[in-house]
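I've put the structures underneath this note.
One chain, chain A, appears in both complexes that follow, with chain B as partner in the first and chain C in the second.
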Partner chain A sequence: MQHLNILAAQWVAPTIDYFGLAPELVLAGGLCIVLLVDLFIDERKKWLLSVISSFTLLAAMVPVLMLGLSETSVRSMFDGRYVVDNFSLVVKSLFLLAGYVVVLLSSSHIEQGEYWRGEYWFLLLTSLLGMLMMASSRDLVSIFVALEFLSIPAYMLAAWRKRDPKSNEAGVKYFMLGVFASAVMLYGMSLMYGVANSTLLTDIGAKVAATGEFSAVHALAVVFVIVGFAFKVSAVPFHTWAPDTYEGAPTPVTAFLSVASKAAGFVALVVLLYTAFPLAQDVWQPLIWVLSALTMTVGNVLALKQHNIVRMIAYSSISQGGFVLMPLAVAGLVGSGSTALRAVVLYMIVYAATNLGVFAIILAVSNKTRSGEISSYGGLFSYAPTLGVLMTIFLASLAGIPPLGGWIAKFVAFQSLIQSQSNWGYALALVGAVNSVIAFGYYGNVMREIWMRPVPDGDVTTISVPGSLRLALAITAGATLLFGVLPGVGLHFADLAEIAGAITR
Partner chain B sequence: MYVNQFLFLASVLFCIGVYGVIARKNAVLILMSIELILNSVNINLLTFALRNGSTDGHTFALYIIAVAAAEVGVGLGLVLLVYRNKKTISVDDLSEMRG
Partner chain C sequence: MNMLQENNWLLSVGTFLPMFGVVVLMLMPKAQDQAVKNVALITSIATLAVGIYTAFKFDFDQAEKLQFVADAQWISVIKSSYLIGVDGISLPLYLLSMIITLLVVIYSLDHVPNPGKPKAFFALLLVLQTGMAGTFIAQDLILFFVFFELVLLPMFFLIGVWGGEQRQYASIKFFLYTMFGSALMLVAFLALFFKTGAESFSIPYLIENGGSIAKNVQIWIFAGMFVGFAVKVPMFPFHTWLPDAHTQAPTQGSVILAAILLKLGTYGFVRIALPVLPDAAREWAPYIGGLAVIGIIYGALGCLAQTDMKRLIAFSSVAHMGFVMLGISTLTSFGVNAAMFGMVAHGLITGMLFFIAGSVKERYHTLEISKLGGMLTTMPRLGWIFGFCAMASLGLPGLAGFWGEFPAILSAYNPAEGLNQTVFRVFMVIAALGTVLAAGYLLWMFQRIAFGTAKDSSSHGHSSSDELHDVTTFEWIAWTPLLLGILVLGILPNLLFSVLDPAVQATLSVFGG
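Presenting the complex of A and B:
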């Protein structure tokens, strides 16, 4: 019973850096307030909850900014299991701002229908708290807990319209595949713990670095963990849940899943690749290469034949996920680590701004047309010129047309592939370039409807956009244009993102 | 007793679980298959923890047990929701959306 000796050792309480944990603590406090206030207020005053939620998210931004400006660049807690470094601060502010925009998108939408508004805000904030934890987790256990923390409320949000069979179906499909994926990922994690005898990511990385040995079990573990996260970021062939869930879930929830939840999956994947398996690149580079090429191509081809706008955006977001994975396919080569990280972070930031903008327009237009068909966008420019122009800007940014944000994100991603000077990198850049052209097919189709087609039912009354949606549109359109016109702004944040403890190559 | 016997048991359980998730059409049976996978993970973790003499594996297994309980709670809630609306819990009948 040698192993029990560890238990007899002197136990020392870990020091907790409350300043480093402040964003999470503010959010945790805010969501408790939402839950309590929901119990005691009248049905007619439930709009207060959206105000509390949005202020909570903005209040949590304050400590993130203060931590960013403080002298200590890396705060490490619990023996390096929970780390607040520049990477985690950049993605935390991304999650909080994306969450704020989702709150703005939701506040007018969820007033419709008799559903439970208080729980909606509570679940949304809980999921965001899980994402903040994910950004700082540097241990298999805390990554697993953060993943479930952000996923379980998301399953419930997808099925939030209790009496709508489509929403039920969205929730069940998301739940079944999400839980299956996390179970497969856990099996990989258990093997990894067996190989490295530690759950700390830097220990797992250092184990291979020290011995230089790489066993078959280790390779199996890496593959299982990557497959688990491929489900989370809906990479082909693990994407089957995404279109149905995105179409069936309430539209603001779809915006949340396709932006924040997906970004959280990428954050975990990046942290694992850079700190736990940096020297296993022979295992994961080909895997990520295939996932990336398939994700871009299949997502794009299936998006071409869609008639429903949300379903089209679902497939478009799958294929955008392929572009985020693209730089990671060469991240293990000597000298490519930091450029790939920068490309991934920049792509996530720009994609979040643009895609949330698309969903803001979809919500505004569906208020009037009550339809999800692409043909219902006919003649949008003639009766709602601002919405028409903004939708064109967002779609052009997703397609990667200069001078918009999506262009600079794609440019940096391709640049990191070319700079790797490997044949695999060149080949993937070629696949990506072909896909950028295919993508213009379906983005251009919506633009043609907006600018050239007649109004389908001849109803040309203008669309009244609620104030919260106007603010969301202003933020997302501003960010999309700003990142494109002044590429330095986005690159500045992407350059800040360094993962503490990563073995950079 | 050898370590590989436990690992073999875990991998067999894992395979049965994956087969169940793929082959079963009943939502509750799929949930049970997922539980089987999670328990194979727990066996793996405890085996490695005993072999290596560290407590990390025990901690991890406790977390998995707790989180799996929360997961199944949500899952059964969703299955109940579907049953109320559609009077069936077969995943094949969940086909409102296509394409």
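Presenting the complex of A and C:
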């Protein structure tokens, strides 16, 4: 009792930097409004919710921009457990903009099906809030909380088509494997705490730096934590949930999972590698090397065999994840840390723009064809030339063909591998080079359907694209072209992203 | 730095003008076919006009220097800049690409291949033009890479949408081969960048500093570039995409492929691989020369085995590019001059042969040599033009083909210092045998197609003798410049050699004389 009293007396309320938290607060406010408004408006006016959601996301961008322009470059709260640095601001804007595009993708789709619309928007915003928290978390506990915060709504979103067994399967699979991954990660984190006697990432990093010693338990902890995130970013061999979940979930949710949720996994992984494990590179570099090589190769090879467009994009996004991991495999080497970070951030930005564009097209086309088969894209160019050309642009960007965004992302990833001037880096660059060729096999296959095959059922009525999808297409196609032709723009933001407290050499 | 910067807007305008045409085309309604054709025609005429103006402004007395150099910030974070310029090596190819595109557009005015869609067809042609011209002016490796790749997608679609029956297979094969090459090439570029101190991707800078890289590293970097360029050339054994792509491509695609796209590879060797990595080039030269002569003989034997006219011309490209690569592999200015001349000559001649093949296909509805015959009696003008091009292609003195082939063979007699003379002289003898084979297959093809009597029209389906009309106006307009070019360059080769030579000398100065 005595001890508790002393503890209580010593407790001082932490100072909270409300400006630094403003993006999260705006989003939290917005999702409460969505929840409340949903209760009081009648069925026909539910479209208002999508408007509120999109404005919430744009409103949350305002403080992010203001923080980016403000004098203080690093705002640290709760003894450094929650940090607003340039890295977190860049990825927060990525999450918010990707979320905005997902809202655009969802709005027409959600209106058509028998969905619980209010809850849909609420869960989407909640998951995004979790992502924003993830970007700033610098403590094992807050990382875990943010991860669950963003994952649990995503599990429910995946199962959103209640009467569709596939959607239920998607949700359950995602949930089971997600929880399993969380458990593995949590185990790793507890070992980590046991070793470092702290949950603060910088403390964990400093612990090794100070003693220079590295125990087996510590190594095990690092491996478990990385494996946990490998599930989240669907790296092979922890990818098995992704294709089924992506196929079964409602398409806008799939877009959300494959872009934003995946990016959140990478963000946490990068933060951990750079602040908590920077001196354990002998453990994680080989691990990431293998994960990256396996992920891009297996993802590619399996994608070649797919007939369903969403499944193909699922495998393609697995393989793209391998490319994001690629520079991290040398990130611990002298001089490679900052270029690897730049490569990862740029890849996430470009990939988000391109992949969301692909999903916008998938939604627009499936409105007419009511099919997910790749063959349903036959002759798309002849009756919907704009959609055909845009899809070609997105697919070519994913394949990394200049002058579209994807090439600079791949280029910078290769650059950081070769800059390391290590044999491991060269070898992985070769694996990546071969894989980027294989990838064209399936991207080219879709292009072939669009341009060279006849329309399967002869139905050449034009596709009417809802306004919100048009806006989403304009944003994503514009970004894809801009990043490709003027790569300096994307690189500028990727270069800004510095993790405060990171130990890079 | 010996660069001239006057009028540095000219190259950018010339390169990106076609893109402006593409934007206009995209904004036009689909149905207006005639307007689409007009826009494409005006754009390509304007582009060529800019190109000709560039040639007038070009200072031929300083052809060894980069001229019209523009250097703007592009991707400063990775130290790549928008650095463009032309010298005596680039200028002829830069202009050739513009001429060929214009002629192809003119030819297409009444020959849009099935399944129509002129808007997309012309748009792709113009995108292709930007990529080709850009590759020849880029003086920064990353910029070069972007333009080099920019030609892939349009050509993929030209073959895949407007091509023959096996078009989808051919287009994917073409794409995967070239993409594989360029992926390795990109890795090599990056390695080059870091091994020269991670300062710049600018080609002049790399030429100054590339020689200091350790020899065994150079050899590896060269290997990456070699694959990238050799696939494009294409050199034996990377050539297998070419016969399929050529056979299946529409006439316009074949012409551009043969006349310009293949040159991107050889140009890459001359512009980048040789001067930047001289030590590796010396090591690699005998192997390149060996593959080149294998290509010459293999291509020629392949030609003799073909029954399809277009496929035969495609294989002859493998043989001709073998001569070009043989010239390059000697590492002498004599050989490289011959190679550069050979590139231009092959562009004119083989481009022309593919035009003829397209017109034959249109009239006979087949390219099976055994079903053709008697062209000189049914269509004498087309027959004689064909004969003229076949002669040019086999290297008849007095026509352009001769000046590419003969000096290339001769240059192998005396390769650069440090190369094994005996080996190259053996190459010379084999290559000379190749010319005999070339005469064989070309004359044989000409004989089977042009001589004799016309085959019974019923044997090839729908063709009736009405359709066997002689050369049309559009064809005359599109072909005359090429035919004149073949003749003029054949009689006055110095027109081209005098532009090339200073630049070739300057480029090869890294080999010490």
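The criterion applied here is as follows: the second predicted complex is superposed on the first by the 497 of 505 C-alpha atoms of A that agree within 3 Å, B and C clash if a C-alpha of one lies under 4 Å from a C-alpha of the other, contacts with A are read in each partner's own complex, and residues count from 1 in each chain.
As a convention for this text, contacts are C-beta pairs under 8 Å (C-beta built on N, C-alpha and C of every residue); 3 or more make two chains touch, one makes a residue touch a chain.
Given the structure is predicted, the values throughout are model-derived calculations rather than measurements.
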item: Which superposed partner A:E169 touches (first chain B, second chain C, both, neither); value: first
item: Partner chain in contact with A:K45 - chain B first, chain C second, else both or neither; value: neither
item: First, second, both or neither for A:W451, with chain B first and chain C second; value: second
item: Chain B versus chain C as contact partner of A:F144, first or second or both or neither; value: first
item: Chain B versus chain C as contact partner of A:G441, first or second or both or neither; value: second
item: Touched partner set for A:A429, first chain B, second chain C, both or neither; value: second
item: Chain B versus chain C as contact partner of A:V412, first or second or both or neither; value: second
item: Residue ranges of chain C touching chain A (in the complex, touch as defined); value: 30, 73-78, 117, 120, 142, 145-146, 149-150, 152-153, 156-157, 160-161, 167-168, 171-172, 175-176, 179-180, 183-184, 186-187, 190-191, 193-194, 198
item: Contact footprint of chain B on chain A as seen in their complex; value: 2-3, 6-7, 140-141, 144-145, 148, 152, 155-156, 159, 162-163, 165-166, 168-169, 171-173, 175-176, 179-180, 183-184, 186-187, 189-191, 193-194, 197-199, 243-244, 247-248, 302, 305-306, 311
item: Residues of chain A defined as touching chain C within the complex; value: 342, 381-382, 385, 392, 396, 401-403, 407-408, 411-412, 414-415, 418-419, 421, 426, 429-430, 433-434, 436-437, 440-441, 444, 447-448, 451-452, 486-488, 491-492, 495
item: Chain B to chain A touching residues, read off their complex; value: 10, 14, 17-18, 21, 27, 30-31, 34, 37-38, 40-41, 44-45, 47-57, 59-60, 63-64, 67, 70-71, 74-75, 77-79, 81-82, 85-86, 91, 94-97, 99
